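In what comes next, chain A is part of two complexes: it sits with chain B in the first one and with chain C in the second one.
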Partner chain A sequence: MERGYWIRSKPVYTSLLWHEKATSHLVVAQGQGGMAVLKLFQLMHPKQAITVLYMPHAEADYSKTLVKVVPEGLQLLETEQEVLTKLDSVLQGMCMGMRLYIAGSEDFIWSVAKVANKFGIEDVGMMKELTGTLARPIYCVHCKATTHAVTTNIVKCRGCGRMLFVRDHFSRQLGAYMGLMIDAESPGELPDIEEIYP
Partner chain B sequence: MSMIDIKVAAVEQVTPLVKHFTFVKQDGSPFPAFSGGSHVVVSMNVGGRVHRNPYSLMGSPVDTEAYHISVRKQEQSRGGSVFMHESVEVGTSLQITYPVNLFSLAKKAHKHILIAGGIGITPFMSQLVDLNRLNSNFELHYAFRSPEHGAFAAQLKAICNDKLHCYADSKNERIDLIDLLSKQPLGIHVYVCGPNPMVVAVIEAARNLGWPENHIHSEQFLSPGIGEPFKIQLAKSNIEVHVPAEMSMLEAIEAAGVDADYLCRGGVCGRCEVNVLESDGALLHHDHFLTDAEKASGKKIMPCVSRARCDRLVLDL
Partner chain C sequence: MALAFKQETFRNDYKYSNSPSAIKRFPFPFAEDQYMYSVNIEPHVKGKQGTVCEFPFDVDEHYVAECLDKQITLDLDRGRYAVLPHMMDAQWDFVELTMEALSNDYPEHFSLKKDGLNWTWENKPLNIKQSFVFGDASTMPMDPFEFMSRQVQGDFVLLDQRDETLYADGGFVTSQADWSLAFNVGMSWREWHAPVPRATELGVMDRALKYLLNLQLGSPVRRLNWTMTVNPRLDTSPENYPLWGTERNTVNPENVADKVHLRVELQSLFRLPRSNAIVFSIRCYLMSLKELSSYPRWAKRLHRVQKTMHPDLIEYKGMTKFHPMMVEWLSKFDDGSAMDVGTQPE
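Then we have the complex of A and B:
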């Protein structure tokens, strides 16, 4: 990759920090994202109401510690679908001034963001921390299927089977990086497939 | 900058201080369509000196036959609004710029709260047409000095029905911003246009209630204030320009024959930003564009509204 190469659409993730003027706080985390939530609770707790939705993952489960650290408003959930359903119902009761904090893999972050978008919460209104893995959701620009948790530079599309080159070009609307067929001009000729998003 | 030649087709006194002007194109061809919240800069020759003032387009964005603006006669006018009020009549020829929108509606908003103060109602007049056409959810809060100063209130009532809330200062009616902006459901955007204290109050109230910055929209054209005269050196043109008390830096630069970029001429858009190469005194920043840090750094200035108090000021022009 060219040194200094930068693509504007590529998301920038930060560390979670309480937004001091928020009227309420909603924290949504998955797996290793639990550590980001624990770090957040190391900071001075805001006075306003806090809700935490956490989904443990096989690789990382911080539920036991979170139960001790989070004063109230913690809900443990088992699957991503459960998190998203819960999120939907929690957001229905929330008002302008609430702030959303998300921590987890890129797949998880952008699934949460998609639900929040539905409520008119825009990208810049959410704080996001990428944790645990660099694995990417990849949107096939040919068949429109999304392949999840991609850790390599080239991946086989789960929809059409094409070999896709994983780009840095990101769509907030789709919550995924773009994948383009890499051997369209010389079928079967593939560069080495390497794990670059472990 | 390419301009549109227009002539005034109608003038209407709307309130004791506000006149409504209807423009048609000199050659009779249609105007470009625009989006709600757009403005044009009207160029007028006042006693040999060119004034260029920004005014919001308040007609329907899809009406290409005519453009409509309203001008409030400013008590401390440098000449522009007084000229519009006293010298412009049906048949007068003027030049305007193409429309530019620095106050557009957020398309993804679930609801729009529009807050206008006095003549600040004008950009909302064109936005309302867009909102109604898109069947968007909105409410308009319109504050004015007294009922006789509530320009277009009757017309607005017809467009907005119960979505219009009027507040007359003379009757001690005030917008309760905290009440208005608290406990609003998610996905709402707030827009404010009016006098400076009102704009500041709305922005502050929304911020203090935790609203994200991108849900808060404001527009406030400043007129270049009258100040002390000063001198500037233009490095590229290698000339010295005198800025008189009642002229802006940008106007003085233009009068000296130097082409400078501009769009809104009201300290909002950032187009006229100039690098300050050298200065030995204070830069008097009046714009809403530069950040506080940029203003403090003294490296940039917006010549449309800002001035300086110094003996030497060298600009990269």
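Then we have the complex of A and C:
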């Protein structure tokens, strides 16, 4: 890759850190993201009300430790859909000054962000930590379907079956990177498919 | 002067051409022998009679055909129109701006009658007559922004200003040079310019943003942008790249002058009064190399510009496949003698 290469639409993820002046804290995590939550509690047990929604994943389950560490408001959920439904109901009761923390895969982070957007929480108001995997959600610019958990440079669209080149250009509204048909000008001619987002 | 609107197509059989007067007024963008991005923004002031900048929104011989092409593209993909809910004031600002400009500048084709908030708009070339209450979207057959975007040549993006940047929070985009509204809607200035090579390093985007954040009501600005397109196709969207990408393979040394078109965007930006948003108008002009070469000065200039083009830009603008053929064809117009600065055809 060329030196200096940087696509500015690519989200910047950081380590989760408490906002000390928040009025309440809402932490949403998946799989390996549980470690990010534990790290938060290593730093501090905030004075304000805390809600933690955690969904274990096949590769990582920190439920047992979280139950011991999180003093209140921990809810363990089994599927992403359960997390999002729960999140929706929790956000309905939240007040100004609440801070949102998200940790998990990019698919997970942006699914959570989409629910939060509905409540007027803007992108800059959410703290996000990418954990466990670099796998990407890919939006097919041709058929508009999103293919989840893509780990390769090229992927077959689950909507239209086209072979898509996985770009670095990212849309926060869609919560996905752009996928563009790779062999439109020379049908069938594909570069090697390689895992580059393990 | 009444315009004679031509019957044309921008897809399939590509029945499109420029009359001699349309060629002469074409907004040729190259004043010098070399091209690199710059913040080439200037006030969008009234230009000389007959030029594309005579009025805020230029209506030309392709008007009816282009509006029809917009409708075809939108019917095939509703995602070409998108607007976020908080942009309603900006929608009405756009209606006011475009209706007033067109009715004022082209009274033989468009009229606007106001009785307080009760407005009647008439568009004769497209045979549209609509009475409505200004500010009341329920009196319009569709979103106000969509209604007028369908009736003005070019693409339109509504930019909301907050957090010291501009967000693309609405758009009607059917003639774009390979960018997706559905993907970009809601993006900040930095995000949507992210893929443009070299521009970030040059600081061009940051400087342009700074300028636009201070754009004043009543003082619109403009700039020209350009690319080369195979066939006179308005809808060169990423959505339909599988359709038009293959057309790049059809260029050969015999047809290069007919197939390859200079595509110039007259981009203009207007501050809007109620919303404090900005409307970004992107008007596309297409001219084949053959048409362009009716003014040898332009062909000579384009030869030099293309011959010295940065490889990143050749790639970014999608010219890789036909670039050598184009340069070869244009070379016969270049005797190597020095040229004065300027975009004039003769």
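Basically, the second predicted complex is superposed on the first by the 198 of 198 C-alpha atoms of A that agree within 3 Å, B and C clash if a C-alpha of one lies under 4 Å from a C-alpha of the other, contacts with A are read in each partner's own complex, and residues count from 1 in each chain.
As a working rule, contacts are C-beta pairs under 8 Å (C-beta built on N, C-alpha and C of every residue); 3 or more make two chains touch, one makes a residue touch a chain.
Note that the structure is predicted; figures quoted are calculated from it, not measured.
*Asks:* Based on the superposed arrangement, let me know which partner A:144 touches: chain B (first), chain C (second), both, or neither?
*Replies:* In the superposition, A:144 contacts chain C only.
*Asks:* Could you say whether A:158 touches chain B, chain C, both of them, or neither, answering first, second, both or neither?
*Replies:* neither
*Asks:* Under the stated touch criterion, name the partner, chain B or chain C, that contacts more residues in chain A.
*Replies:* The partner making contact with more of chain A's residues is C.
*Asks:* Touching A:185, do we find chain B (first), chain C (second), both, or neither?
*Replies:* It touches chain C, and chain B stays clear.
*Asks:* Please indicate which partner A:22 is in contact with in the superposed arrangement: first for chain B, second for chain C, both, or neither.
*Replies:* After superposing on A, A:22 lies in contact with chain B but is clear of chain C.
*Asks:* May I ask you to decide whether A:96 touches chain B, chain C, both, or neither, giving the answer as first, second, both or neither?
*Replies:* In the superposition, A:96 touches chain B alone.
*Asks:* According to the stated criteria, A:124 is in contact with first (chain B), second (chain C), both, or neither; which is it?
*Replies:* both
*Asks:* Please work out whether A:174 is in contact with chain B alone, chain C alone, both, or neither, and reply first, second, both or neither.
*Replies:* second
*Asks:* Output check: A:45 vs chain B and chain C. Expected answer is one of first, second, both, neither. What do you get?
*Replies:* Neither partner.
*Asks:* Let me check the overlay on chain A: which residues of chain A are in contact with chain B and also with chain C?
*Replies:* 124
*Asks:* Going by the contact rule set out above, which residues of chain A touch chain C in the complex?
*Replies:* 4, 6-10, 124, 139, 141-142, 144, 162, 167, 169-174, 178, 180-181, 184-186
*Asks:* Quick check on the complex: what are the chain C residues that touch chain A?
*Replies:* My answer: residues 79, 163, 180, 182-187, 190-195, 200-201, 238-242, 245-246, 248-249, 321.
*Asks:* Touching chain A in the complex: which residues of chain B?
*Replies:* Interface residues on the chain B side: 108-110, 181-188, 207-215.
*Asks:* Which stretch or stretches of chain A touch chain B in the complex?
*Replies:* 19, 21-23, 91, 94-99, 119-122, 124-125
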